[in-house]
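Each of the next two complexes has chain A plus one other chain: chain B in the first, chain C in the second.
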Partner chain A sequence: MAEYTLKVRRYQPESGEAAYWEEFKVDLDPSLSVLDGLLQAKDRDDGSLAVRCSCRAAICGSCGMKVNGQSGLGCKTQIGEAHEAANRRNGGSEPIVVEPMGNMPVIKDLITDMESTHWAKIRRVTPWLLPHGEPPEREYVVEPESMIDITQSMACIQCGACVSSCLSMEADPDFIGPAALAKAYRFVGDPRDAETVERLHDLAHDPHGIYDCTHCFSCIDACPKGVAPMDQIMRLRRRAAEEGIEDDPNNGANHVKAFVKMIEKKGTNDEALLIQESYAPGVKGKLKPTKGAVEGLLKSLPTVLRAIKTGKARSPSKLIPGVHPKLPGGAQDEVKAIYAHAEEHREEFNLYIKGEDEDFVEPEPDEMTDATIEAEAAAAAESEES
Partner chain B sequence: MKLAYWPGCVSRGFTTELHGSMAFTAEKLGIELVELDRANCCGAGIIAEHNQELADTLNARTFALAQQTGLAMMNICSTCQGAQSECQQRLDADSAYRAHINEVLSGQGLEYVKGKDGFTNKNFLWLLVEDYGLDKLAEKVVRPLSGLRVGPFYGCYVVRPKERLGYDEFPDRDLYLEKVIEVLGGEVVEYDGARKCCGFPVITMNRDTSLRQAGTHVGDAIDAGADCLVTPCPLCHLNLDMQQPEAAKVVNRDLGLAVLHLPQLVGLALGAEPKELGMSKHIASTRWVEERLAGGVPA
Partner chain C sequence: MPKHDVLVIGAGLAGQRAALAAAEQGVSVGILSKVHPVRSHSNAAQGGINAALNPGDSWESHAFDTIKGSDYLGDQDAVEIMAREAPEEILHMEHLGVTFHRNEEGKLGTRAFGGASAARTYYVADITGQAIMHVLYEQLMKHSDQVARYEEWFCTALALDEEGECRGVVTRNIADGSMELFEAKAVILACGGNGQVWKPTTNALICTGDGIAMAYRVGAKLMDMEMIQYHPTTLAGKGFLITEGARGEGAHLLNAKGERFMERYAPNKMELASRDVVSRAEQTEINEGRGFPDGTVALDITVVPKKRVHEALREIVLVGRDFAGVDITREPIHIKPGNHYTMGGVKTDVEGRTDVPGLYAAGETACVSVHGGNRLGANSLLDTLIFGRRSGADAAARAKRIEGSRPSREALEAEQAQIDAIAAREKGSGRRVSEIKLELGTTMDAKVAVFRDEAGIAEALETVRRLKQEAESAYIDDKGQIFNQDLLAAIELGYMLDNAECTCVAALERKESRGAQYRTDFPERNDEEWLKHIDLQLTDDGPEISYSEVTITQWEPQERTY
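Now for the complex of A and B:
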């Protein structure tokens, strides 16, 4: 047993007062959870402390909260570890900070309104199967392998931790967000669904859809079930591009296409070419810039002008698209050969499904060759002799 | 200390002051850098988004080029670190997949061998703390950054996802900037945005969201009393510094906070003049930092 201090953000709307911090001393085994600590405080000190929970085993998804700023489940966060995390920098007397989830209104203390944000966004992506034609007489029959792809997004327990942690949503509350987009992939990837292209078109054409994710990985670390919502968002982008959905209002598909093409041509980033190609692809002869692209290009001009002024961009290769040099001495041809090979196979290695077949930090060569076996045998014999 | 050095695209593009200050600082620290001038872009997560196998092969090629030198590899960009670590994780996970990737590399006389000679790829920040050592760094300081209040800004790609970025072995990687600032004699400023997203990845896709992120973090650091920010990521630098005047419009407040590259901050403490470190190329003026170090601004 050990004593811990929980510093809890309290908010009681009926009091008419602003939110405030309150500290509770709790006494429990370090292997028990932060939720256990909160329940002890509620039992011993203040029965009005409001927290939502049910299973206490990371199954029901009720106790989403922030512990030391990290979004997750209270029941899946050990109190001993939370104490250590709170004291990594300042000795050993800092309290464990417990707050309600972010990006959602607070109803009371640690209870947030899941309806107005999380569930509204989940409903936004039409989270049910849309098959075409008459349903089969019995169940739908699918290849087991074809379902494996979506098992990761199916693991979601709707706790909202990823929504709470989302840094895009913090800046743009309209962002559809990690939970709902992971749920969208669950149906986009489902072989029984017949509206795949329509779903992808819808999510690409919403300015707060798949191209509004800022790649911050917060949702991956927040998710208690390994769903990796950001990975699912990237797969939605990949699938949308494969379906030829390119005229999105965020100019997202164009930007990716321009970037990928540029590295094939130059090997490293040609900034002038990237800006031009992202906004006005194929400028030679068949320029068809969208309204958003023209706006984007115009808005980037003051930044470019300032960069010329300080000398950041005062060179032809940074101003004139295409002047940037290729990789030297045949290296560019090596890059092109890689493109030819990889664009043909497009293999997607899924760690979630395949796992790691080897010890990740193993510093040994992959396989013992006859030569290494002989060398080792010789070395062993030598050490025995000496 | 001798390293295979991947400077990344941006340090040779819109942030040449990073490339220059790294060369300067490495020399002062006694680190020899062997630049991988045949290596290619890491893909910045964008190529992986388009075709995972393509990103994995391109980065396997870079690792193979580094392995040819027999040296450990260093990068100076959080985004390179994250994008390369992502590919390395897949390559290291499965020998059959690695063999498939090496198929095309073998035609070029290259091979990525998992763990060859204890191969590592670390950014300058990780390397400074884990391999060079903070004690040794402290010995090199000739001008302690006394009185300089510095806000750390990491860049997402070196703080998340923890499982991929070696936090099991090095759990304090998200505290290294604070440690370095303190060793250099500066004062750490705590503010909300240190480990948040600068917004750069969506600057062409959702400009308003992107600039709101950058502007909010710069503003928070100013409110917490920072004289400057320091970042190991040149892409963060683009959004926090180059876009700062645009970000100020979106968050509707005055900003004007210097943003230093990590090798610049280290270089200042090792005695370099701001001009030698390319600080005049920044968009947000670094004059305040220079005056503070010269003792011209009362703390």
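Now for the complex of A and C:
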């Protein structure tokens, strides 16, 4: 038994008051969960403390919330660990901070409106199987691996933690979002579904669709079930590319291709060339003056200026397409070797196949540190520029 | 007043299946649930669903295993229906999109499960219930023009008409606290079981026996209420479930001396004997001092190949890691028997009809009875689908057949008055709802569990009756309308106490040992006197006991060994 302080973001809609913080002292074993702590506060101190919960075992998906700013399930977050995390973050003996999920309107205390921000988007992806013709007399015969593959997205419990953490959704509330797109992959990856191409066209051509994800990994961090929604979005992109779906409104397919090509060739990101190649692929060194490309580049200008201002684009010379440092020594050959390996061995990081990360033996740390890589890269850049 | 031909209360597997089956008949359907449908407790069914679908298997074998598992208390006509219709139902679910595990040929593959004479359990990793329920919810979204969903609506009472037929339910919209009388020609209760009456339990916080209590309060008979399953592998303290699939994949049970003790209790089936048998064996080891100091024995999953664990038992890897701090692929995990399943419930026929016209029950709320004294693993999902479908179809047929008559509005007014009375209780006027619930749970787990005797059950009954009185003055903090969970907990406490009283009365009455009811004062099964169901019906003096015959078609009771 240990004592913990939960600092809970409260909102009582009928009080006429704005949201406020309230601290609750609870007393429980460190191996119990933050949800157990909240329930103790509710049982002992204040029955009006509102939190959706049911199974207590991370299977029903009711208790999505933010603990110390991290989206997840209250029942799956051990209170002892949350306490340590709070202390690490703030130093000293800080309370565990509990808030409702992000990107969703709050109804009462930790209860949010998931209908408009989650379920409406799930319904957006036509979330039911669309097989062709009458079903067979027995079962559909399919590759065993295909079922294991989509079991990862079937493992989603619709808790909304990924939606809560999604940075793209913060910027674009219309983004279909990680949960709904993972649900979409459950059908795209299902060999029994007969509308795969239509689904991919739909999701690629929606400006808030698969190319609206910025690849930030927040949803993978937040997901309590290892669904890895971003991985499912990347699979959707790969499948869309395999189907030759290219003319999407976000120029997403071209962006992906340009990026892949550039890294194979140069090893690091040439920002200027990336913009050009994303909007006007295949033209080197000069702009192909199509209407879309010019528009796209003009639209990118504010972003470019912001990048210079914030230091993301560190050297103005990098804005000249094509002037970009190469990797030092034979490093680029190694990058190419990685590409060749990836082409030959199609590896999927699916937890139902591979198990947890910790099952893999970590490779010995390379002797080359980040600092030496940077130093060598700088030296190489100088020699190229001079 | 919202109005539907068929109204389904509860949106787990049984409720969703019933709603879809009723909608197929072209009637208007409403489905109400106190939580969003995908939060329902069918999620927690991990291991799989049984069907004799393999060429070498037969429905008769499945039926016999089920009847033997029930300790011959299951009604054999109902069991036959379930076993015969299982293969078609599994195929139907596969066609709707359930991602069942495949064998190397790409066809449906099976795993072994307890009490079964063949490997006939179909599964999706160890998230079978979740996978099926999410696919059914996909279908509900697809058919939203035929099935209206009322998500987060709480039912407080059934509403009858002047003839005593069930014509609706009184509900509270949790989002804004408004009360509504829903009108229907048939009502199907699919509200799950009553595990929260015990603490600890594998059951979710929502499993408070609502449907059983609501039916009981309008005069429907309850049956087999003494039959409460303790699952052999639950985490100590927290009560979380470790799927029987683990033993199906080959995991061993060990006592503190490292002995595979099932050799002494079930030499043929070992760890895969019926759940009641395995739970009693474990409890005996623990009681006789061969368990661990924390009152447990060990489940050793390390004998299962690691690749297989990741593919088929992933949820258990997570449960072990997150809730017990144990890597099950590397070391045994401590487990003990824990409250898990309500075999009894609202007495129904094979079409789901209760004694109250217009009222149906399906799934764990109902007692058909296919599980009798002990349910086999992977038969509960099957029960929900088969009898959910049959209830939905029969309720739709009834709705087409009969004229509409209106439920009395008195029920609505009475419920509103009751709620106002709860809210009006002063703080400190009695005990807190949570305190009463805790005392109920620990009492039932101590006295009405794996081993029972007259003195213990009588003590529990006395406690339950005292708690019922205390509940009448229990106060709540929240006086609001929006998401007043405090108020709902007070109403649920009432449901739980009715369930507990019935279980105690029936357990006291059955003076023999059969299935989950093991009386240390009557350790033998006694077919001559007790091969019969105990039925309970509400009177002014509490539950009144009567008996009904067990239907036997072709399997005469035999001695039960594994």
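Convention: the second predicted complex is superposed on the first by the 270 of 386 C-alpha atoms of A that agree within 3 Å, B and C clash if a C-alpha of one lies under 4 Å from a C-alpha of the other, contacts with A are read in each partner's own complex, and residues count from 1 in each chain.
The rule is simple: contacts are C-beta pairs under 8 Å (C-beta built on N, C-alpha and C of every residue); 3 or more make two chains touch, one makes a residue touch a chain.
Owing to the predicted nature of the structure, the values given are computational and were not obtained by experimental measurement.
When the shared chain is aligned, chain C comes close enough to touch A:A58, but chain B does not. With both structures placed on the common chain, the touch criterion links A:N87 to neither chain B nor chain C. Touch criterion met: A:D172 reaches chain B, while chain C stays clear of it.
Looking at the shared chain after the overlay, A:D46 reaches chain C, while chain B stays out of its contact range. By the touch criterion defined above, A:S31 lies against chain C but remains apart from chain B after alignment on the C-alpha atoms of chain A. Contact with neither chain B nor chain C is seen for A:T5 once the two complexes are overlaid on the shared chain. Residue by residue along chain A, chain B and chain C are tallied for touches, and B comes out ahead.
Under the contact criterion defined above, the residues of chain A that touch both chain B in one complex and chain C in the other are 351, 354-356. By the touch criterion given at the top, residues 88-89, 167-168, 170-172, 175, 207-208, 211-218, 220-221, 228, 234, 237-238, 241, 250-252, 255-257, 259-260, 263, 267-269, 271, 275, 278-279, 296, 299-300, 302-303, 306-307, 310-313, 318, 327-329, 331, 334-335, 337-339, 341-343, 345-349, 351, 354-358, 360-367 of chain A touch chain B in their complex.
Chain B meets chain A in the complex at residues 9-10, 12-17, 37-38, 40-41, 43-54, 56-58, 61, 82, 89-90, 92-98, 100, 103-105, 107-108, 110, 113-116, 118, 156-157, 159-162, 169, 172, 175, 178, 196-197, 199, 201-202, 204-210, 212-213, 216, 242-243, 245-246, 280-283. Residues of chain A touching chain C in their complex: 12-14, 31-32, 42-44, 46-48, 50-62, 76, 78, 107-108, 111, 114, 122-123, 127-129, 131, 135, 138-144, 147-148, 150-151, 154-155, 157-158, 186, 190, 192, 225-226, 351-356, 359. Across the interface of their complex, chain A is touched by residues 35-36, 38-41, 43-44, 91, 94-97, 99-109, 124-125, 127, 130-131, 134-135, 138-139, 141-142, 175, 204-206, 238, 240-241, 306, 309-311, 314-315, 317-319, 322-323, 325, 329, 432-435, 476-478, 480-486, 489 of chain C.
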